[in-house]
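Okay, got some structures for you below.
One chain, subunit A, links the two complexes that follow: it is found with subunit B in the first and with subunit C in the second.
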Partner chain A sequence: MWIEIAHFATLIALLLAIVLLAAPLIGIHWQRLVWIRIGRQSAFAICGLLTLASAGLIISFLQHDFSVRYVAEHASLKLPVFYLATAMWGGHEGSLLFWAWLLSLFVAIAAWKHWNTHPVSMPWVLAILGGLLLGFLLLVLFLSSPFERLIPPPPDGRDLNPLLQDPGMVFHPPFLYMGYVGFAIPYAFAMAALITAQGDSEWILATRRWTLFSWAMLTIGIVFGAYWAYYELGWGGYWAWDPVENASFMPWLTGLAFLHSVMVQERRQMFKTWNLFLIITTFALSLLGTFLVRSGVLSSVHAFATDPGRGVYILVFMAILLLFSFGLLTHKADLLKESPQMDSALSREFSFLVNNLFLVAGACTVLLGTLYPLAVETLSSAKVTVGAPYYNKVFIPIMLGMLALMGLGPIIPWQRSSVTRLRQEFLPALLIGIVVTILAPWFGITHGSGAVATGLIFFVGVTHFGDLIRQARIRMGRESLSASRATWLLVTRNKRRYGGLMVHVGTLIMVAGFVGSGLFQEERDLFMAKGDSMTIGSWSLTLESVDKAAKRNWTADEAVIRAERPGAEPLILRPQKRVYNEHSQPTTEAAIHSSWREDLYVVLGDGVKEGVWAFRIYRTPLVSWIWVGSTIMVLGVFWAMMQGRRIKS
Partner chain B sequence: MNNIWKLVLLGAVMAILLLFALGLQNDPRNIPSPLVNRPASDFTAPALQGGGMIKLSDYRGKWVLVNFWGSWCISCVAEHPYLMELAAKTRNRTDFVMLGVDFRDTPEAARAFLARHGNPGYPHAQDPEQKIAIDWGVYGAPESYLVDPGGTIRMKHTGPLFPGWFEQRALPLIQGATKP
Partner chain C sequence: MISLLNKRLMLMFTVIMVGGALVALVLTSFTGALVYFHTPTEAVAKTKELVAKKIRIGGMVQTGSLVRESGTLKIRFLVTDSTTHIPVRYEGMLPDLFREGQGVVVEGTWQSPQEFVATTILAKHSEDYVPVDMSEQGIAKSKESLLKSLK
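After this line comes the complex of A and B, so read on.
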């Protein structure tokens, strides 16, 4: 019953998407405001209808309605309620409905928020977003419908893929989708700016918060994915340069480039075409991500829900969108008035330019690495994989360059600076950075780029905190305030700047995590019987027993391991090898002891013979810094979002 | 924007779209197996029917079609009529035999499968813990391997064998090898 309501609501939403696409265009053509209003109202109606549709699907899950094919394929009677409610995005069809629902929600918010402030671009924005919604709803309804019935209904469902029964995986897709979908709004405003040939700051004002929000969501989504890979897949790592990971990383990079270069347009009226290019590319890459995951064109560990048949539709959809967007960009770009030229290489705008080149070069290398196997496979019949060695070789230099710029960019003034002034501001930080780099090998960081990265972390840290202290001092002197009061005022009055710098500090902590975990991971593979011990780092681990454990929908072999370290309480670690009832493939549940210094990570393997088990044990320094650093990054973005517009036109 | 950049941009977009269009036609099942042209790993396993053991190397001197299947596998049902047909057609050949490996399965379920869908009459080895399947790099069912008289894997076929497979794919190899 609920599924029919959901199905019907989606159908009406599809019809209204056609209205959303067409009505504003009619309104522009005949200069009739009422038509544009109709478009706006249908945006709200679509949002309501798709909310109803998503709720209908979720209710069908909660009711164990296995006569719905999608429910039967992704749930079972034993599936806990938490996963039941979130199984909606556990498969292809539901994910797409979820995508469309998020899009409709964002469209409605945009139609509500920007209606009065952006009268010129609004009709175009509505029409473009209507086109996008239409494309997605056609896909949902006709090529991958989550509303199909299964008759006769099976007594129990096939259960959710056990790997997805994990909190990390529950939150990974929604955040990622929020990031992907969120970029649709700035994209629509950018296209409207192109169509109306008004590349000035109007569209940037409308989209600053949207871009920050989407980028933050994408960050959270990617980190949740990494966290899930680390905790659930049991290989001791968090990032594998898998094509689908790359697909989320590319829009992250170009979105980040946009967030920086857009400041140049606000301040100096430069980079207008470039900014349009960046935001269009960011959204195109977001769609590419969806395409890669959903079409099955690239097979990867993410192949949970693929179907080559739909690939053709998504490809056509993407072709229309890409050719329309980039065609329009090349066609109209010359109409935008580009203003002043770069004054000096010693200026903030120049540092942003270099920053953008690094980020876009990074995105291009990821794109090449992702598509290269596909190209080889298509043009010859060989199978290649591009893995970590390629990305490490290309990406580490880019990351080091970005870090160096991160120290310079925020401090160096706009327009021009002088060498003497720079020397004053950067010399101490630079010296500290160099000294740290030189001393790093004595602290065990013998790897070249590891040492340089460590030096750069100190360099950037000193410039950032140095700047904060300097600015606070100025305020203290001027308004005779206490140090803490002055700092507080500084940080709260200029949220954009200090939010941004907070993102930088988060990045530094993350980079420290990458250096620690990337260069200093220790790994042991061994067999242990009851009573056997082994040592890794300063830990000594003893296998006490291997027992059976069970919960509602799984049973497991569970090893009990005592981990001891001089001067600390002994710990008990319980790695499991789980078999979920409906599935024959066992999944590993690594036991992880996490501290600020290092993670101890134990994976239980197969039983080799009676009483002897295989184990894989990792000691990975500073992994938790990655999670902490990314949290600080996201908080920084939210802090920056709290401040509204700065420039008036 | 410079004209050259426009061309580069549009060219890149077109190239990516073209690549995807071509890529969609790739069949993900055509993954070359690294085991082709390598000696097949020998196995000895209990026979599904009639007791006794089955040893692959006992068939040296003949071409052996090793078919991995299981009663739990839906595509195997689709493949089964062709296996029946092929077994009947090649029963009199002295240079070719067929061998089934029933993996991740119970003997009862497998026998019920053969009783229901027909028994092609060639022997099946039991591999309940998928030891053979892992040695052979099987990751789906059905999968078939063609082993030459010297015991070397010459071909792998992922997914159901299709009618005409023997004539189109296997015979050229078999005849090519016997020609001087």
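After this line comes the complex of A and C, so read on.
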């Protein structure tokens, strides 16, 4: 019953998407406002209908309606309610519907918020987003329908993949999708600005919050994924340069480049074409990210079973989007004259230019590594994988370069700086950075790039806090305020700048986490019988017993391990090997003890012989800094979002 | 005027240098990091040229071939594509899904012409969640779909 309502609602939404595409264009052509209004109303209606459709699918899950193929494939009678409700995006059909629903929601918000402020570009924005919605709904309805019936219905479903039965995995896709879909709005505004040749930089100001929001959501989505991989997959790491992880990382990189380079356009009217290029690329990569996962052309743990028809449709969709966007960009390129020119390497715009160079090089690196195996497989019969060493080799220098620029960029003035000014602003930070790099090996950071990274973290930290103190002093002197009051006023009056700097500080903490966990992880494979002990770092671990444990839809072998460290309370760790009822293969549940200093991570392996079990034990320094750093980053973005437009002085 | 032109040239030069360095970095790292994938038959046919090179071999774990050395994490088994069997040696933790009669990808090197020493074992995931490179079928399918779309 509910699934028919959902199906029908989606069909009407498809028809309305055609209206959303066509009506504003008719309105522009015949200068009839009423047609544009119709477009706007249909945007709201589509949002309502797709909300109904998504609700219908969720209700089918909650009712255990196994006559719906999608429900039968992704749920079972024993699946807890929480996972039943969220299994909607556990497979590709449902997640595409979810994508379409998010897009319709964002389109409705854009149509509501920007209606009065952007009358000229609005019809074009609506039409472009209508086209996107149409493309997605065609895919949902005709090539990967979650509404299909399964007759006769099975008595019980196949259950949700056990790896996905985890809170981390429940929240990972929605955030990622919010990020991907969010970039559609700035993209549409950029295209509309190109078509109408209006307002030059207006589209950037209009969509600043959308861009920031999308980038923040993408960050949360990626970090959730990394966190899930870390505690669910049992391999002690959080990032494997898997093609699908890469797919989410690419729009993150170009989106970050965009966030920086639009500031140059806003302040100096430069990089106009480049910014359009970046937003098109970012949105195209967002689509690529969605599609790569959903088409199954890539080999990865994330890839679902393949369907050739879908692959073709997706490639055609991408081709149309790219041809339209870049065609328009080249066609209208003469409108984008850049008046001012860059005249010094010692300027903020130049440091942003190099920053963009690094970020885009990073994105190209990932793109090459992700698509090269596909190209090789298609053009020859050879199969090839690009390993993590490639990415690590390239990304370590890129990260170090980005760190150096991060110290420079926000402090150095626009247009040009002078040597005296540079000396005053950077000399102390530079000296501290160099001293830290030289001293790092004495504190155990014996790895070359680790020592440089540590030095740079200090360099950037000192420039950032130095700048805050300098600015606060100026305010204190001018308005005779107390130090804390002056700092507070500074940070709250200019939320854009200090939100941005907060993101930088979060990044520094994260990089410290990368250095610690990436270079100094200790790993031990061994087998233990009851009563056996082992040591790792300052920890001593003793196996007390291996018992049976069970919950609603799984049973498990559970090891009980006592972990002791001098001067601390002993801990009990319980790693498990679970077997979910509907699935024959076991899954690993690592036991993790997390602290600010290091994580202790224990995985239970197979029984080697009677009473003897294999274990893999990791000691990973500073992993939790990655989660803390990313939280600060996201808070920084939200802080920056709280400030509206810059007041023109 | 000349100095302004010079300055702009210098700026361009800097950008090109940085860009060039990045491209060089990517390309030099890339060639070394490729790991080719072979079926057991291919891997045996090319044993000589593949010696000491890191490769991946994909096939099935031959039923009845798995031998565990009691009290250690050392195992031996045969990887097969039903025409050729390759003896594989491995020491360490096994992935959850590693089982006899299941698909497997082993990454490692030929130690001698008779023995492949694996450093990493990737097992096939459950039925409804197939990493494509683990199954010949999957590869054929995705290739077909791509070729189709390219035409």
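Keep in mind that, in the parts below, the second predicted complex is superposed on the first by the 641 of 649 C-alpha atoms of A that agree within 3 Å, B and C clash if a C-alpha of one lies under 4 Å from a C-alpha of the other, contacts with A are read in each partner's own complex, and residues count from 1 in each chain.
What we mean here is this: contacts are C-beta pairs under 8 Å (C-beta built on N, C-alpha and C of every residue); 3 or more make two chains touch, one makes a residue touch a chain.
Remember, it's a predicted structure, so these values are computed and weren't measured experimentally.
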{"item": "Fit or clash between subunit C and subunit B when superposed on subunit A", "value": "clash"}
{"item": "Contacts of A:Leu374 with subunit B and subunit C, given as first, second, both or neither", "value": "both"}
{"item": "Subunit C versus subunit B, contacts on subunit A by residue", "value": "C"}
{"item": "Touched partner set for A:Gly311, first subunit B, second subunit C, both or neither", "value": "both"}
{"item": "First, second, both or neither for A:Asn356, with subunit B first and subunit C second", "value": "neither"}
{"item": "Subunit B versus subunit C as contact partner of A:Thr86, first or second or both or neither", "value": "neither"}
{"item": "Partner chain in contact with A:Asp334 - subunit B first, subunit C second, else both or neither", "value": "first"}
{"item": "Which superposed partner A:Gln265 touches (first subunit B, second subunit C, both, neither)", "value": "neither"}
{"item": "Touched partner set for A:Ala382, first subunit B, second subunit C, both or neither", "value": "both"}
{"item": "Subunit B versus subunit C as contact partner of A:Arg616, first or second or both or neither", "value": "second"}
{"item": "Contacts of A:Thr463 with subunit B and subunit C, given as first, second, both or neither", "value": "neither"}
{"item": "Colliding region between subunit C and subunit B, picked from 94-102, 130-138 or 166-174 after the shared-chain fit", "value": "130-138"}
{"item": "Overlapping contact positions on subunit A, where the subunit C interface meets the subunit B interface", "value": "295-299, 308, 311-312, 315, 374, 377-378, 382-383"}
{"item": "Residue numbers on subunit A that touch subunit C, as the complex places them", "value": "73, 158, 161, 163, 234, 295-301, 303-309, 311-312, 315-316, 341-345, 350, 353-354, 357-358, 361, 364-365, 368-369, 372, 374, 377-378, 382-387, 389-390, 393-394, 397-398, 525-527, 577, 583, 585-588, 603, 605-606, 608-609, 612, 614, 616"}
{"item": "Interface residues, subunit B side, partner subunit A - complex", "value": "1, 6, 9-10, 13, 16-17, 19-26, 28, 30-32, 104"}
{"item": "Residue ranges of subunit C touching subunit A (in the complex, touch as defined)", "value": "4, 7-8, 10-11, 14-15, 18-19, 22-23, 25-26, 29-30, 32-38, 56, 68, 70-73, 92-94, 96-97, 99, 125-126, 128-134, 138-139, 141-150"}
{"item": "Subunit A residues touching subunit B - in the complex, by the definition given at the top", "value": "273, 277, 288, 291, 295-299, 308, 311-312, 315, 318-319, 322-323, 326-327, 329-330, 333-334, 371, 374-375, 377-379, 381-383, 584"}
